[in-house]
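In the two complexes below, chain A is the common chain; its partner is chain B in one and chain C in the other.
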Partner chain A sequence: MNVSLKRIQAIIVKDYKEFSRNYAISVMILFPLLFAFMYRSDGAEQATMYAFVINFSLAMLTSFVQACLIAEEKERNTLRSLMMTPASMLDVLIGKSALVFIISAAVLALSTYIFGYDTSNMMVLVAAIGISILLYTAVGTICGLYSKTLIEASLSIFPVLIIFTMGPFALVFEEDYPFVKVLRYLPSSQLSELLNALEIGATTNELIMNLVIISIWAIVLTVISFVLYKKRLMDR
Partner chain B sequence: MNTISVQNIQKSFAGKPALKDVSFDIPKGEIFGFLGPSGSGKTTLLKILTAQLDPTSGSATVLDKPAKLMQKTDQKRRFGILTDNSGLYERLTIEENLELFRGLYDLPKSSIHKVLNFVNLTADRKKRISVLSKGMRQRVTLACAIIHEPEMLFLDEPTSALDPVNTAHIHKGLRYLNENGTTIFLTTHDMTEAETLCERVAILHKGEIRAIGAPAELKKTHRDGTLTVELTSGQSERLPMNENSATQVANWMSQGQIDRIYTNELSLGDIFIKLTGSELV
Partner chain C sequence: MKIQAVVVNGQKIIPSIEVGLQKQKVIGIQTNVQRKKILLAELAEQPDTYVSLVEQGEYKRLTVEELLRFMKNISGHDKPVGTMLRLFQLEDLRKMKISHLPSSKQIYLSLLRIYYAHQQTIVLEEPYFQLEEQERLVFARLLQELSAEKRIIILTSNLEDALISCDEIFRLDNAGLHQLDFADADSEPPVQEEIEEAEFKVQKIPTKKNDKVILFNPPEIDYIESINSMAVVHVGGETYSCALTLAELEERLQHYGFFRCHRSYIVNLQKVRELITWTKNSYSLRLTTGQDSVVPLSRTKLVELKKLLNI
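So, the complex of A and B:
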């Protein structure tokens, strides 16, 4: 499979222009900043609230924007036109995901600053959020590919938002309802657990398992998004 | 030397045949028209030739390579495609859309200026796609399909729903490309388009090729062997082409009674109806 930086760059530039002129979608960058401002705290619950803000932002910004960008291209047949150019499947997927990754990373960094979250182990925090952005981008790609229209894509994000963002909060019921324990393995629960552990000074080694679980989610969902892309956009 | 060679292609969807044993060749530099009503299999064949679809059986080569390789990057540089639903980026300007394609094909900046001139859109290059008329959009789509000066151009209903002025504009451009060596494969249900543009046509009906040849040849083959003589008196006579008719015509001519005289040829549309028993839709 060939990958060309020039082709990826052409797709990123095009997506950036489209994104910046589509106010219905670009307005989503304000939500993480607004939530970070509303929930900023330095009390005992700081890590839990920060995890909520990050998980919510990943679904509402990363997945939502990616799903809308993909669905709009599908709806207008531009994705098929791209496929008829020398752009490979990887060029298109990397190009389309790169813009969302860059925007998400910048907005989440700004949100973290506004929220006032600080940790001594910045490397683990950056790795966890970076892998999560990849994961939620893949979720957005999957939602976008399954949707026939832009409206369908924006609605398809709600189950993601509810399960991934609210999942960690449902763990308070795990003693009464043992099956709820499965939610512990959600990437959002793992991120929340990791942030809480960071707050009490856990070492990098103690956080490896959280990072591995989030990475497995990221790899599996990325592979699914690639396979789905190929299946959905080729008639063969 | 053939640019496209199709041998016994068959394609079925859920057991229902869409193409039945289709075979033909297109020599380099030809404009070839694939005629048929909606649902006759034209787009299915175009998708097979551009590797968007696999045939159930049979084989095809395009630009000396098996058609299934047409999605490889090297091959994709060699052809352009324009379909009736080719998408453009609505929020971008004409120039920005072409800038994307220039980047994807890794072309020099001058290619944008050149192709804008070609489709006569230089003055409108800063306009967003969302404000363009259907005809202008189709010209932009054509510009995107030919910006890399392909050897082979696939066109699926290129002028459907366009007015005569825009249609003439597109036709002029296609003829120019063809004169400069581009082989053109065109699917259409517009018989006038086929007749004015194509060197050869194939008539497709329910997945089968019913006739193939130059429009003039097809007309010759399917003419009804009669001629019409319009007399100065206003009377019109339809005569078989034989010795008796020749004598009759000579007679009228010697008396100066003939106003017009012509052979009765079927139009491509009439030939289609004759061959398939159905009207083009």
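So, the complex of A and C:
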């Protein structure tokens, strides 16, 4: 499987134009910024609120856009045609993921700025969010592969939104229902925990556990999305 | 290129066929929709083959120029976008978004993807079906040019579409591929047609059964016998009565390979399987039709029959 930078670039340019001209999808970049603006505060709960904004943006922007880009390509049968060009399936997947990564990173950076979140340990923050973007891109790929049309893709994001974004909030019931403890290991809960720990000035060593768990999620989901991508394209 | 036989629900839909492909020639295959779909799936499995389907969509939010640039970059095609725009006669529309183009133009644009295919064999499904006159002309010309380098197959259920740009046309049915022969209408002398028309006569044998009049084509008939001076026509094991006399029938049917084998029998020689000799003076003809239908053959007629069959 050969990967060509020129072809990846062509796919990024093409998908960027399609994305920016499809307002139903590109409007999604406004939500993280809007949420950051609404919830911006200096209070004690700052880290929790910030974690919510980030987790929400990751599902609503990263996963959603990725799922839509793949589903739309399938809906119009252009993916089949792409497969017959020299472009490998990896070219297509990397091209799309790269575009989604760039958009997500830019929007999240901007919303962090709007929110006014500041931390002494920038390295850990960037690493945590960077890995999270990869993870949610993989989730988006899986959603996109299981949907045939744009509408299906946008609906398939809701389970992701409910489980991943709302998961950390269910931890409130931890004392009544012990099994809720599992949710602690969701990447979103881990990100929230990490941000809270950063707030009280934890060292990098103390945060390494959170980062590892998020990375494991990212690796597992990426592998699953690759395998599925290959399998589902072969079936057609 | 070889295609294996396809069997659906125990019925042979497509027999195994072999298509002789060569450059400079556009091959058309005309068949029904079911066979077309199966054949397309089979062709997609072939190595080094680009299959263009009817439902090919397009990146509709790109402009024409952006699409061609994308196709160029993704396929590694070497001609600059400007040259291709001129070649495709799309210069006026270069800045137009594809979704704003008329539908005929959109389909034309999707078809142009074959120009960027690196595969040596190109299969097109119904390329002309939804195109308007102008796009048809341009596309037919482009296809002709492309056929110099590539082997092109057009699959269609419409013979007229195949006629637009195919050099050789085949019809596919459950028996296999049959080449259709198209002589130019101009080359045939018109006089001949007139003669043919004048000579053409309806040759049906009218029969009656249960007060219904049934007409048979002569080749359908197995044999005719005379019972009580009434002609009885045997077709596939059934009997039908006929108002004509045997002499009249014999005259009408002798051009169709019928033979008066007995005073009261006329047999369709195409359906005779066996000449049975009972004794020195008694003979019969066994027919190929499933039932044991045996027709007597008189001794005087045997000589005539032998002469007829060169035995």
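By definition in this document, the second predicted complex is superposed on the first by the 235 of 236 C-alpha atoms of A that agree within 3 Å, B and C clash if a C-alpha of one lies under 4 Å from a C-alpha of the other, contacts with A are read in each partner's own complex, and residues count from 1 in each chain.
Please note the rule applied: a residue touches a chain if its C-beta (ideal position, glycine included) is under 8 Å from a C-beta of that chain, and two chains touch if they have at least 3 such contacts.
Values in this document were obtained by computation on a predicted structure and should not be read as measured data.
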**Asked** When the two structures are laid over each other on chain A, do chain B and chain C clash or fit?
**Response** clash
**Asked** Of the partners chain B and chain C, which touch A:K181 in the superposed model: first, second, both, neither?
**Response** neither
**Request:** Could you look at A:S88 and tell me whether it touches chain B, chain C, both or neither (first, second, both, neither)?
**Result:** first
**Item:** chain B versus chain C as contact partner of A:K230, first or second or both or neither
**Value:** neither
**Message:** A:V13 in the overlay: touching chain B, chain C, both, or neither? Say first, second, both or neither.
**Reply:** both
**Request:** Answer with first, second, both or neither: which of chain B and chain C does A:K148 touch in the superposed model?
**Result:** neither
**Superposed model, chain A: greater residue contact from chain B or chain C** = B
**Message:** Between chain B and chain C, whom does A:N2 touch in the aligned arrangement: first, second, both, or neither?
**Reply:** first
**Fill in**
Superposed model, chain C vs chain B, clash-positive stretch out of 163-171, 235-243, 271-279 or 289-297 is 163-171
**Message:** Residues of chain A that sit at the chain B interface in one complex and at the chain C interface in the other, please.
**Reply:** 6-7, 9-11, 13-14, 17-18, 21-22, 76-78, 80-82, 84-87
**Message:** For the complex, give me every residue of chain A touching chain C.
**Reply:** 6-7, 9-11, 13-14, 17-18, 21-22, 75-78, 80-82, 84-87
**Asked** Along chain C, where are the residues that touch chain A in the complex?
**Response** 50-51, 53, 55-62, 66, 69-70, 73-76, 97, 113, 116-119
**Complete:** Within their complex, chain B touches chain A through residues 47, 50-54, 71, 73, 76-77, 81, 85-92, 96, 99-106, 144
**Message:** List the residues on chain A that touch chain B in their complex, please.
**Reply:** 2, 4, 6-7, 9-11, 13-14, 17-18, 21-22, 73, 76-88, 234-236
